[in-house]
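Shared between the two complexes below is subunit A, which pairs with subunit B and subunit C, respectively.
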Partner chain A sequence: MSQQDIQAPFPGVFYRRPSPDKPPFVEEGQQVETDSVIGLLEVMKQFFELKTDEAGTITAFQVEEETVVEAGQSIAVLEVK
Partner chain B sequence: MTIDVIKPGLATSIQDTGRQGSYHLGIPPSGGMDQRSLRAANLLLGNPEGAAVLECALMGPELRFKESRCVATCGAEMTPRVNGEAQPLNEVFRVPAGATLSFDFVKAGARLYLAFEGGIDVPEKLGSRSTYALGSLGGLDGRPLQAGDQLNLLPPSAAAREGRQLPEALIPQFSKHYMLRVVPGIYDHRLTDESRERFYEEDWTVASEADRIGYRMKGGSPLSFIEREPPFGAGDDPSNIVDACYPIGSIQVPSGSEPIILHRDAVSGGGYAMIGTVISADMDWVGQIQPHQKVRFVPVSLEEALAARAKYRKGMEVLRQMP
Partner chain C sequence: MIRRLLIVNRGEIALRVVRAARELGMCSIVAHSEADTDSLAVQRADEAVCIGPPQASKSYLNIEAILQAAESVGADAVHPGYGFLSESAEFARAVKAAGMVFVGPEASIIERMGDKAMARQTAIDAGVPVVPGSPRAVSDLNEALAVAESVGFPLLIKAAAGGGGRGIRVAGNAAELREQLPMAQTEARTAFGDDRVYLERFIEHARHIEVQVLGDGERAIHFFERECSLQRRRQKVFEECPSPALDDTTRELLCRSAVALAEHVGYFGAGTLEYLYDDTTGEFFFIEMNTRIQVEHPITEAVTGVDLVREMLRLARGERLRFTQQDIQRRGWAVEMRINAEDPERGFFPSPGQVQRLVWPSGPGIRIDSGLYEGYRMPPFYDSLVAKLIVWDECRESALIRAGRALDEFTLEGFATTAALHRRLVDDPEVRQGAVDTGFLERWLEAKPTLTPSDKEVVS
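Take a look at the complex of A and B:
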């Protein structure tokens, strides 16, 4: 077991849902595959999908919906088996 | 010689010193938003100063080199890596054949300029290789890079020298709070006195939608315009004017709420009052401001703006003379 930080690759606004009336991409405690989308980062009128590099469990989100994040800031914690 | 684009980054586009002389036809200059850094990267390599480079906004691309080439990166601080090994910014280094060039997260600034020995080979459109994405003109098929693209390079000039560095004094120092000098006018008489003064006294936050077309600002007090009967041809909103030309750098405030600084991909005209123009010497800085960072506008006279432009040009001369 190891823990991975999923970091913001650039500064932007973080969203956990594909749109305001949809459920979050993943819930805390949910198992995910490699390349699973865990949220969106918005900047310059573009939405960028944040994906997992490995399979595992998303144990925690470090930021709230619609938080302004800096490049490199931790977004979520992925526990890899 | 081909470079494979494995990952394009966020908004990576081919840019040079821009396309002058067509703005009156609606074609903006485009070109690198931070011209000083674009030119510095080319000059380091011994390229023509206006050779086409990659402008990498907020997140760098991942590229595979089929042949060995020297490159230089200037502007935003994103550590370059060759096959994972960190390389210096503001210095010429070689990427071996078959190697992958990638970048770390941006630490400061917003746009990195990646120049290749020889420069990028795409056809010139209206005298420039710059990408104008809104008009699908120039660059690679008139758009930002995509995964799977291939870039051709012009023959190397043999002038590139590995390890050549930009002198410390010529490296821009990025901040999180910028002072941008503005020549007020030509429509600021439309603002109330109180509103005009307050505009220059408040901090503005760069909105997340700030891009090559314009930098939108939030967080300051809404501006109020003087009541008037709209002249023939102007819209009903108090911020409307009879359509006029928009200079690059001009600041418009649609409905008085969020000022927008037009940059190098701007539309050439429209019906919003311009309350001032960011001076040419400070436009490179605008291109290096990250979304959510702060800006204060500082009013200056036309004489001060011209003196700043002369100083900027002298700085460019120093860059051209660097050892």
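Take a look at the complex of A and C:
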């Protein structure tokens, strides 16, 4: 077991949901596969998917919905088996 | 009278309005988000007021916060710029209800021209051609074939509930229509839960041509046309004034139709009527109207010599149109290159950053509209447009050569921009000939290996 920090690759606004009226991509405690989308990062009116590099469990989100994040800022914690 | 003008926008257009206000002796007050405190528009304005956090929904789109700010600074008028709330009838109405002047048309006109179906009907009523098609959804094949008879092929079969390019099929002849119609209906039902489809003539090689107008509520005049066919993902990239595609007769017909439509609705302020122009038949069709100043307005200013933003403010403060149609003459050619903070080598990936070094082009025929300065850190929250390079010369050929010269003088260090893309475009033989349509740029980008967009990561 090891913990991975999923970081913002560039500055922007972080969203956990595909749109405001939809449920989050993943909940805390949820198991995910490699390349699972865990959120969106908006930069200059373009949206980019934030994905997992490995399979595991998302144990925690470090930022709230619609938070302004800096490049390199921790977004979520992934526990890898 | 307008004494204290609140400018609810950011970037180059906020600065543009500050400049016009200054020249008219109005006090300019820039309403800005927390992310734009150090913008050039804020620095150049007489006053500034913060309206909320960086996210546009909490600041530039927050009507309540804007009205509060307007009251606190004692504004008597509001200029919305472009984008954000510039075409919100609700905002126009709220500004007026708060006792201020909205620099733009009445809310009812924004509503009427902002709704595509209503705008289309208004155009038909004013005798302005629209893209031929079925007047409403077609119910069966017989009705579709009858429409095809009058409209002609190729046809687009469009889902009534579709949008943004989704739910569209092409039928090249009657046999294809027979085959495609039921499929399109099934597809529309599955995708949108609504199987209604309508038919529209498919213009394979359309140019985007638009006409600039000003109106004072009674009289309207045009300022000729702009061509904006060079687009990527329906976003304009490069514009020119006039259009290289029109002869004088067609230009006259086109511009007169725009004036007829503007006068039909009693248009007030600056507006732009957008058309599709079919190169093969020489026909033009109204598609929509923008009830605000547009990004590419400077090329019209360069060619006609009229300051459109200043005229907007004059109209808003109660003056009548100061020109007759005969006063508006064209001289030479102007092009605008949109410099976006996007990397054309990396699929136009946004590239926010800090300006390390900046050298603007200068000399004859050059105009820069930009909020950039050395040391400026661009916030990641907004549109990627950071500068507009506008180049005028006596004819199209020399304007493109001069544009190349201007781009060679331009230096920006700190982040990638689309300037390099423009440098290649202005030398392209087909661009030089003006042989373009709205699909040209995307085809061109696909054919250039180093500029191939890789949009895998983009989800919307």
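By definition in this document, the second predicted complex is superposed on the first by the 81 of 81 C-alpha atoms of A that agree within 3 Å, B and C clash if a C-alpha of one lies under 4 Å from a C-alpha of the other, contacts with A are read in each partner's own complex, and residues count from 1 in each chain.
Methods note: contacts are C-beta pairs under 8 Å (C-beta built on N, C-alpha and C of every residue); 3 or more make two chains touch, one makes a residue touch a chain.
Here the structure is a predicted model, which is why all the values come from computation and not from measurement.
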Checklist entry - After superposition on the shared chain, which partner residues are touched by A:Leu40: those of subunit B (first), subunit C (second), both, or neither? => result second
Checklist entry - Where does A:Glu49 make contact in the superposed view: on subunit B (first), on subunit C (second), on both, or on neither? => result second
Next on the checklist: Touch test for A:Phe10: subunit B only (first), subunit C only (second), both, or neither?
Outcome noted: both
Next on the checklist: Is A:Val80 touching anything from subunit B or subunit C once the two structures are fitted on A? First, second, both or neither.
Outcome noted: neither
Next on the checklist: Applying the document's definition of touch, where does A:Glu66 land relative to subunit B and subunit C: first, second, both, or neither?
Outcome noted: second
Next on the checklist: Give me the intersection of subunit A's contacts with subunit B and its contacts with subunit C, in residue numbers.
Outcome noted: 10-13, 42-46, 48, 68
Checklist entry - Residues of subunit A touching subunit C in their complex? => result 10-13, 40, 42-49, 66, 68
Checklist entry - How about subunit A: which of its residues touch subunit B in the complex? => result 7-13, 42-46, 48, 68, 71-72
Item to check | Interface residues, subunit B side, partner subunit A - complex | outcome: 10-11, 57-59, 105-107, 208-211, 290-292
Item to check | List of subunit C residues in touch with subunit A within their complex | outcome: 53-55, 341-342, 350, 352, 380-384, 457-460
